[in-house]
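Here it is, the structure in full.
Labels run A, B and C following the written order; every chain starts at residue 1.
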Amino acid sequence: MKKSDKVSYLINFLGIFMIFLLLMAVFESKIFGSSTQYFKGICTTACYTIIMVASLNLVVGCMGEFSLGHAGFVSVGAYASAIVSNALAGKGLPDIGLFLVALLAGGIAAGLAGLAVGVPALRLRGDYLAIVTVAFAEIIRVCFCNFAITGGGKTMSGILKLSNFYWCFWIMVVCVTIMYMFVRSRFGRTVKAIREDYIAAAASGINVTYYKVMTFVVSAFFAGIGGGIYAHYMTAMIPTNFNFMYSAELLSEVIIGGIGSLTGSVIGAAFLSSLPEMMRQFSQYRMLAYSVVLVLVMIFKPAGIFGDWEFSLTRLLKRLTGRGGRGAAQDAVQGTVRANVQDEAHEKGKAGV
Amino acid sequence: MTFSLFIQSLINGLNQGAIYALIALGYTMVYGIIRMINFAHGDFIMIGSYTLFYTIPLMINVGMPAWLAVFISIVVCSAVGVLVEVIAYKPVRKAGAMSALITAMAMSLFLENLAMLLFGAKPHNVQKIFSLPSVNFLGVPLPLNVILTIVIGVVMMLGLQLFIKKTKMGKAMRAVPQDRDASILAGINVNRVITYTFAIGSALAAVAALMYCAKYPRVTNDMGSMMGIKAFIAAVLGGIGIIPGAMLGGVLVGLIEIFVKLFAPGWYEAITYATLIVILLVKPSGILGKNVGEKV
Amino acid sequence: MKKRMLSVALSAAMVATLLAGCGSSAQQSAAGGAATAAAGSTAAETTAAGGAAGGSTAAPASDDKTVRVGVICSLTGGSAIYGEGAQNAITMAAEEINASDSEYKVEILNGGKGVDDASDAKQAINAYNSLMAEDPSAIIGCFFSSVTLPIAEQASKDNMLLLATGATNKDVTLKGGTIFRDCFIDPYQGKMAASFAKEKGWTKAAIIYAKDDDYSNGLKDAFVENAEANGIEVVYTGECTTKDTDFTAQASQVVANGADFLFYPCFLDTVPLLVGAARDAGFDGAIMGGDGWDGADTSGLEDSFANCYFTNHYSSEDTAPAVANFVSKYTKAYGEDSLNACAALYYDAIYMMVEAAKNGGGADTASLVKGMTEMTFTGVGGTFTLDGNGDPEKSVAINTYDNGKVKWLMTLSPSGEQS
């Protein structure tokens, strides 16, 4: 890794750390009084949604394929981690250790499911792939409805409540960072090359199937981790929670945020997962308003809010300190305005308020 | 399995399949022309069904047969379809398939919630539409409804096929997906073609709603979503964009579902989806689909 | 450039929404956070805000005689019919109580409106948290077990009184001492159905149940468990899903297996379809369901619904004053469309709160829990006592249909005695 990269990572990490401190200060000082729990809940929801959405973005953005069955992998992760944590509870592991082991188990199970689905499914492309992922997700759901270990169609309850906001925040940060590095890695660039022109990529000696399947597996792995947090936050779940509508919700969050932009996924997920909460005052018009917002964003910002633009604190600092060069002065001003707005949105988005 | 149970299930399967086929026709029509999965199609059927629910008593009051209400339903559905197209789909058409897909899903959510506010959340029963007798077929009562549904499906399919192949508008519809720019150059008004496509697709939804309500006489605001996915799967199974394929896929899905339900009702969805996966893996563009090699 | 501007504008709009959301909630919390002393003024504020909707639900008292109740129900989504009934019922109950000379009054938080859970567990837990921000004394809800279980877990942690209205999964009240319910538990209703079948002399039962739902699974399991003891042989068990519309295959199997009784423990939206399909397949035996059947539309299927039965908390034909009052008032104010078991349960729940306050001698959570524990209550659902877990032991009303109209048949007491 180049030195400038290291510095950049450090700066961005400090930025995230500041956000964390800010949120912690807000929650611990209880300036929101009895609403603290409400906001914390929304933020935790945002955290696991961010992981799920960012992981879906690997398939949609990086690989350029639809997946309408992401909830299937989420459910595999959720159930696997719940089973593991229930089995290991009381075996002397500290809570955080138990939580991480459970999440890892959930991620691995989902990754394996991703492998099993990806190998056959990724021979297809476009809409056909989309419909096959729906089919696989539905099959997974039906299986969970029929297996005794997952409650056999009944609600599986009594899962330990391990997901607290602070842990979830850092797990989210780690996951998103790994995904970011994945996209920027040699591997990620290869996958992008396949997205642009898979025939040319294959002709250059790239094993297209291998790269696609591996991306799918990585995506499923993180979806499983998201699912694990979900399970340990909700403490009870039923297979119908992970139906087609949930997959569709995740996909719309990816696209609203911006295809290929992890920043977009973070903001999109935080924004859309808290949108129904902001609409509470609309009462039964709530979901109507939600769908109108979706349509409006698509009409006015069809490539998603951020397109494929990524936020970087390093770049922002450079612009602020005027190192952007004379030619880009105008640009920098604009950029700063946007970045500032963006920065706020970023924080608020994470705060989910 | 006794012989009569087998025949009975065959009839049930054909009936359900014919309804899926009618719905799938609408999907395939829209997909064939603009390459867009119209997730709101199931909700057009919901709107058609609610129209039937409200207009059938009116029809009976003025002494006309109940099924004539379908014409009102066709008008309403076409209007809604065109409206949705103009307001929501047209602005995102250039933005690519993914934006279109999300817009379609959002519209589906919108229509469902709008219906809830307009018509209330209570599920309603639709009045009997056809009072056809049953005939005896190999010792099993065969309701003529089933025959009617299949006949309507086949007639619709043939009509659409003729329309697409023979009329000027139909030819334009086939030209647009092949090469949009070239069809503009050839003097085709692409926007008008797409609007017509939606009008026809939604009219098909109204007809499907009629047959659906004849078999399952109940309307709810979320009836469209699950049925829409099943019918879409039927369309893909047969080869999406191909009109006879929708018919074949629909009947196939209907038959598979009913026969699996006889023996393993808890797994019927899984097996239907598994069939789809297997068929797509063997024949990636559906049963009747042609494999088109990609140009390099 | 244009794109840039757009993205700036959009981001700004988003931040604005976020801030707006934040602002309004911060206000709420400030008001809610100012402890109980300010509770009165908060109440006044909320009332003013929700004045039009809340109507006379406005709690006049600003002392500790007001039970602050948060209500969660499903106002949107596929099960909105239940939320509609619940909303009407709580409004009605609160109006009645506050107009009466009852010692304790009720204030429904969120401006007299139920908070929507969209029958989705994710939203439900947020709904619960948003109510907690308003500093309630108790929370009522939800109607579905899968949605209630996550809330129950949290409520027992927060030591909040949760009165579940429709969550029939037996685990719900086991989550903690502050969780109660006013509906049957699954095993109970299934058992009652089995003993009713015995009463009627049916011996060959078929079951069709929704595989992906707690309620349906629970009733089926209990029925199967109790079948043998009641001399019933289960000849066919067929699964379906809660969203299914086609029951022809299962129905033909029911007929082929020679059943004389069909148990279908599912919710009201699919009931007419199942009954229609069973009759079309030539099944003329009895069809029976649970309280999920209440409110099912029978129009056009009057003949098919003959020889159908369902167990319920009450019968709309019952002449007991509580029931007659509820049914006539409800029908007058809101029509019959949303008059179902859910409405009755939410209605009772509000009254139970007041009763609990009386028993416990205060309107705060601790007194309410004290008052609710093992209390005996008389309401629309009859007279019942909450047992050690917080589950009611109720008598079951068995209803049948007469030309499409619900007709009371008999009431079975918990021990199985007829009355």
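Operating definition for what follows: a contact is a pair of C-beta atoms (placed from the backbone, for glycine too) under 8 Å apart; a residue touches a chain by one contact, two chains touch by 3 or more.
All values reported here derive from a predicted model rather than from experimental measurement.
Because contacts link each chain to all the remaining chains, their graph is best described as complete. Of the two interfaces, B-C and A-B, the higher number of touching C-beta pairs belongs to A-B.
With centres taken as mean Cα positions, chain B sits 34 Å from chain A. Looking at chain B, one finds that residues 113, 116, 266, 269 touch two or more other chains.
In chain C, the residues that touch at least two other chains are 76-77, 80, 83, 211. Shown for chain A are the residues that touch two or more other chains, namely 145-146, 284, 287. Note for the complex: chain C touches chain A at residues 4, 6-8, 10-12, 14-15, 17-22, 24-26, 28-30, 32-34, 75-77, 80, 83, 113, 115-116, 118, 120-123, 125-126, 129-130, 132-135, 145-146, 149-150, 153-154, 157-158, 169, 171, 211-214, 217-218, 242.
Taken together, the chain B residues at the contact with chain A in this complex read 31, 35, 37, 88, 91-92, 94-99, 101-103, 105-107, 109-110, 113-114, 116-117, 225, 229, 232-233, 236, 240, 266-267, 269-270, 273-274, 276-277, 280-281, 284-285, 294, 296.
By the touch rule above, chain A contacts chain B in their complex via residues 60, 66, 120-121, 123-124, 126-128, 130-132, 134-136, 138-139, 142-143, 145-146, 199, 244-245, 248, 251-252, 255-256, 259, 284-285, 287-288, 290-292, 294-295, 298-299, 302-303. The touching residues of chain A, when paired with chain C in their complex, are 30, 32-42, 45, 145-146, 152-155, 157-158, 161, 233-241, 267, 271, 274, 276-278, 280-281, 283-284, 286-287, 297, 300-301, 305-307, 334, 337-338, 341-342, 344-345, 348-349, 351, 353. Within the complex formed with chain B, the chain C residues making contact are 76-81, 83-84, 211, 238-241, 243, 245-246, 248-250, 252-253, 256, 268-270, 272-273, 276, 280-282, 295, 297-301, 337-338.
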